[in-house]
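Below, each structure is written out as structure tokens.
Two complexes, one shared chain (chain A), two partners (chain B, chain C).
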Partner chain A sequence: MTTQTIATSDRIEKAQPGWVKLLDMSDRALAVLLLTPAAVLLALIIVYPVLRLGYTSFFSLSLTSGLPAEFVGFENYQLMFTDPVFWETTWNTVLITLITVPGALIVGMALALLANLPFGVQWPVRLSLLIPWALPLSFAGLIFAWFFHSEYGVVNDVLARFGIQGVIWFNSPNLAFAAICLTIIWKTSSFMALIILAGLQTIPRSLYEAADVDGAGRIRQFLEITLPLLKPAIVVALIFRTITALQTFDIPYMMTGGGPGTSTSTLAMYIHQNTVSFLDLGYGSALAVVMFALSMCVTAVYLRIIRTKE
Partner chain B sequence: MNIKPIVGALLSATVLGFSAPAFADTELKVYISSQHQPQVWRKVLDQFEAANPGTKVAIETGGNTSEAQAQYLNTIMSAKDSSLDVLILDVIRPAQFAAAGWTSPFTGKDMSVYLPAYAEANTVDGKVVALPAFADSMFLYYRKDLLEKHGVQPPKTWDELKAAVKKINGAENNPDLQGLSFQGKAIEGAVCTFLLPYWSQGKNLVDNGKLTFDKDAAVKSLKLWKSFVDEGVSKKNIAEVATDDTRKEFQAGNVVFAVNWSYAWAQSQSKDSAVAGKVGVTRLPAVTGGESATCLGGWEWGVSAYSKNQDAAKKLVEYLSSKDASKYMAANGSLLPTYASLYQDADVLKAAPWFADAKQVVETAKPRPVTPRYNEVSEVIRTTVNAVLAGVTTPEDGAAQIEARLRRILR
Partner chain C sequence: MSQVASFGSTSFFSGKPLRFIAASILLVNGMFPALWILFTSLKTEAELTVKPITWLPHQPTLANYIQAFSDQPLHIFLFNSFMVALLSTCLTLLVSVLAAYALARLNLKYRGLILSLIIAVSTFPLVTLLVPLFEIMRALNLLNSWIALILPYTVLSLPVCTLMLVSFFEGIPRDLENAAMIDGCTRMGALFKVVVPLCAPGVFTAGILAFVNAWDEFLLALSFNSNPALRTLPVGIQLYQGEFAFPWPVISAALVVGIVPVAILIVIFQERVVSGLTAGGIKG
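Now for the complex of A and B:
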């Protein structure tokens, strides 16, 4: 009895409040405990659907056939490689990514540098940066579809005022593609700008002052101070932007519906068409697995870049 | 005095008082796409509610094109969602809905009361999948005033139409006046665009579920439409034009001839229409040496297989597809009736005099291919028509693509 009391009071003397005792269960156990809710949530809403997607991609499962699902191995994947629309939409997706990601980076960087200037009133600048980002993608697509309309659109109207003959934007694959890319750059560069602006504000002013003393010019300061210190912010922005670019759906869907023909259709639109319109869940899943793999590859490349820089 | 029993009795009386009607009330939800004049259907639903106390019907609108509507219903139905009881379905969908088991069949229903085309469209493998809401087919709308002014007869062939446009446009000299408006956007209407001249050459696309594609007829069809664009009969951006754009442009007085469904009539005669009283409707032109052909349209009422109110929903659908409802919608919404006798009905003809000649057109209208994979068939044809009209694909390549892709789907 006595020994026990002594032992207890001994522990109290170490003066640990109750919650700190949790730390006693070892760092590892605590980490597991705290991460469990998030892990369960992720498992339910990401891991399970992705696994299920991979599983379904090995089945012939079409709700229009009236037949039960049948295991077909890699047949859906074989079909994909001989499907010209798959290749066309994948190529379009890659092209959109290659054009709009650097495009949004350059425009976003310029916007961020502009917004970082010492304006007297900050909020109008911040607001105009936020609006394109806050606008739902499909709204942006619809608005720009009207902008580029050959008869009622503001773009052709402005061109006409400068004496330039307007064009039928959505009648030509190249012009339709250009209109879509311009819209995506407008829509996404504000996201880039917001992240880069946050990065800019972490750079201490003293560095620039020191550079001034040393006689470094503006361009030199940008290349030697701003860019290197912004690198982490830029890489994060690029990862997010590239992945969403690979999943481009809303803007071309609203602007051209993939037309003329299928010339501006993206892989995400083709997946949507196969699953939602054609109800071919097997083939749609196989396409989605390919898109998932594509996103993972790009992320892996970026992560490698970050690691080597560190 | 013990008041507990009294309070208890009062409480249970109150609960019963509120809950009894709530149990008797059946709430039905009807899906009507926004292009189908839900405000006019509402009046029919009001009549049903008045005749069936205890049943309330709410409308859910959505999807102003057949494709948008199909996508929405595909999502709802593949999730086995029970929130919709009654669905409006395009005439091309019953086969797909039957294959997926999404609608409840009507057993023992006598379909001979309807026009034969609709009895057939709603019967899949001997089962009545849905009941007809209204009939439809494509017609040629024309500006009666302009044709009379220039002494032109309504054209019987597409070549005559071209000549008529050149004569009228040459004399009017109005750059805003288009000769012919039709559907070139990659929408369901573009499938009919392709099929009209194709059928007019006496060719069929599908026979007994087998593809009977005639490549020469397909090339000729695509070339005809492209020639309208190239010769300035139709405007250059025809690949952007959807069904309701045709309706709006015609109604604004900017079009001489238009290919459209019957619904465009009511609005062309409305107060804010620039062409009220100046519109003629006739059957579509044929290719030279061919027969006039048109696309069978119309929409159907189905009962969701996942509805929890099967009996009430079926009762409502019976009412919506009744002769009374068909007459009301013909007179008030210019929707073609599904009952043969209504084409001679005085009230109907007062609202739309041209319905007198429309029955024959509907009766000879051809159905689009009946297959559960219709959505894929449709996508192949409409994107190709769109690409040809935009000048991205030649008519020859377009026809070859349609053939190759349809062979994969209808194998």
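Now for the complex of A and C:
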């Protein structure tokens, strides 16, 4: 489709009088000019920092000691392997990803199926999916910290109404972790729901009518029509969600600050702590390289899926 | 819209009771946390520490809002957030309009490669660049400045906005542009006088998404701007916590103040935001 339009426009341009062309540069020069601002920004904020990240990870560079950077080879990486906090925060990050990504998918699917019912008025439904998406992650963390407050939180209040003794959520590593995961699932499921809902609305009704005629039940229709047709949209949404889940920072930072101890700390929080609090840039860089590698694996899968689609 | 499928078109699934239950679940899920914060912000400190807790405020008061602005410079946090988000949005739009035009309209040899690169960058974990960006901003003496945030935020939204705008530009007939150029417009003139106005809805949608991205960002703002006068809202809100006390009504009031601007944006432009989000398949 695109190549066709390009061909037509070339023909039109050839038909134009010469003086029109004089006012313009060649396509190539113009393309270079138009892409330069984006390229400069990406070079400054992504490419150079990535190179610098890899470089610094081989140095001992602590701003608190005031010593100049010293080349230490793989020492930072060796240190990492014997650092229990590194393993704990990495494990927490992976666990959060493994719990909240499928969790957000299931909750998002349920919300989308509910939102796809034929409501007379659409906007309240749409708004109730948009508000959690637009709420900053850090705000969601604070709001849910208040929800799970042991004395005056609404969660324990609701539990009490059902005769269940409330718990002190943030004193136990497991409960604190559960509270964080629930918050992340709540915050991210709405976006999943919006993507799935958009997919649902493109499925022609006639497919379901035909399935009705064939006598297929609701569940079979869902499994054999709805899910396969939604798959492309879901895969893209899942990949983006996985990459952002690996970077989880705001919600645990606001809810528990990583506590009790470091039991709910994530890799991003550990990188932040080493960089901003300890000013240990060498070790912080080595940690970031690990996270970079984790998320590049996911991106590679993503690019591969896109390629095979084309 | 009449030809769309609904999960279940007959019997129980389209019945009124089910729709009522479904609407209730959706509304409670979406609105309750924000509403709860609103209720909390209207309660007095005394009411907050009553057990069992009250749901609706018995004696609604605006005192917490006044205190939110007097305890901390909330208006400065708001101003910083707003300016950083606005400036980075403008920069994102300018840069991505130019790049998207080149990718949509010019016959580029490496178009496919550049698009793949942009997609790869759109999944880039900005968190990993915390250390080098911190070093760079420190070396350039940019820590505690708006620029330290505006540049990364621009890059954060750039890939998604560019991809969105490429598809918008491709939907505009070339003849309109060619006609403008025959009438004496330069190519850039045609871009800004013909293509951009026609794409205004798309450009606007991309702008809203970039704005919300920047408004939400926390980690870089927390790491780069420690000076209270330069804190953005998500970072500034932490300052309300005392060493031992956690003044929830005041924090809630500050949160409500922070939610309202974006909520207004979302309420007004909800359809546009949904179409933009679902077209791009954006991180969220």
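As a working rule, the second predicted complex is superposed on the first by the 260 of 310 C-alpha atoms of A that agree within 3 Å, B and C clash if a C-alpha of one lies under 4 Å from a C-alpha of the other, contacts with A are read in each partner's own complex, and residues count from 1 in each chain.
Quick note on the criterion: contacts are C-beta pairs under 8 Å (C-beta built on N, C-alpha and C of every residue); 3 or more make two chains touch, one makes a residue touch a chain.
Remember, it's a predicted structure, so these values are computed and weren't measured experimentally.
By the document's definition of touching, neither partner reaches A:F74: not chain B, not chain C.
Of the two partner chains, chain C is the only one touched by A:W146; chain B is not. Of the two partner chains placed by superposition, only chain B is touched by A:P173; chain C is not. Which of chain B and chain C touches more residues of chain A is settled by the count: it is C.
By the touch criterion defined above, A:L42 lies against chain C but remains apart from chain B after alignment on the C-alpha atoms of chain A.
After overlaying the two complexes on the shared chain, residue contacts for A:L127 are found with chain C alone; chain B is out of touch. Looking at the shared chain after the overlay, A:P260 reaches chain B, while chain C stays out of its contact range. When the two structures are aligned on the shared chain, A:W87 is found in touch with neither chain B nor chain C.
In the superposition on the C-alpha atoms of chain A, the part of chain A touched by chain B in one complex and by chain C in the other spans residues 149, 151, 276.
Chain C meets chain A in the complex at residues 1, 3-9, 13-14, 18-19, 22-23, 25-27, 29-31, 33-34, 36-37, 40, 48-49, 51-53, 55, 94-96, 98-99, 101-103, 105-108, 114, 116, 119-121, 123-136, 151-152, 154-155, 158, 162, 170, 174-175, 178, 181-182, 184, 186-187, 212, 215-216, 218-219, 222-223, 233-234, 237-238, 248, 251-252, 255, 258-259, 262-263, 265-267, 270-271, 273-274, 277-278, 281-284.
Against chain A, the residues of chain B that register as touching in their complex are 67, 70-71, 74-75, 78, 96, 99-101, 185-186, 236-237, 239-240, 372-373, 375-376, 379, 383-384, 386-387, 389-393.
Interface residues of chain A facing chain C in the complex, by the touch rule stated above, are 2, 5-6, 8-10, 12-13, 16, 20, 23-25, 27-28, 30-31, 34-35, 37-38, 41-42, 44-46, 48-50, 52-53, 56, 111, 113-119, 123-140, 142-144, 146-147, 149, 151-154, 157, 160, 186, 188, 190-191, 194-195, 197-198, 200-208, 218, 222, 226, 233, 236-237, 239-241, 243-244, 246-247, 249-250, 253-254, 268, 271-272, 275-276, 281, 284-285, 288-289, 291-292, 295, 298-299, 302-303, 306. Those residues of chain A lying in contact with chain B across their complex are 63-66, 149-151, 168, 170-173, 257-263, 273, 276-279.
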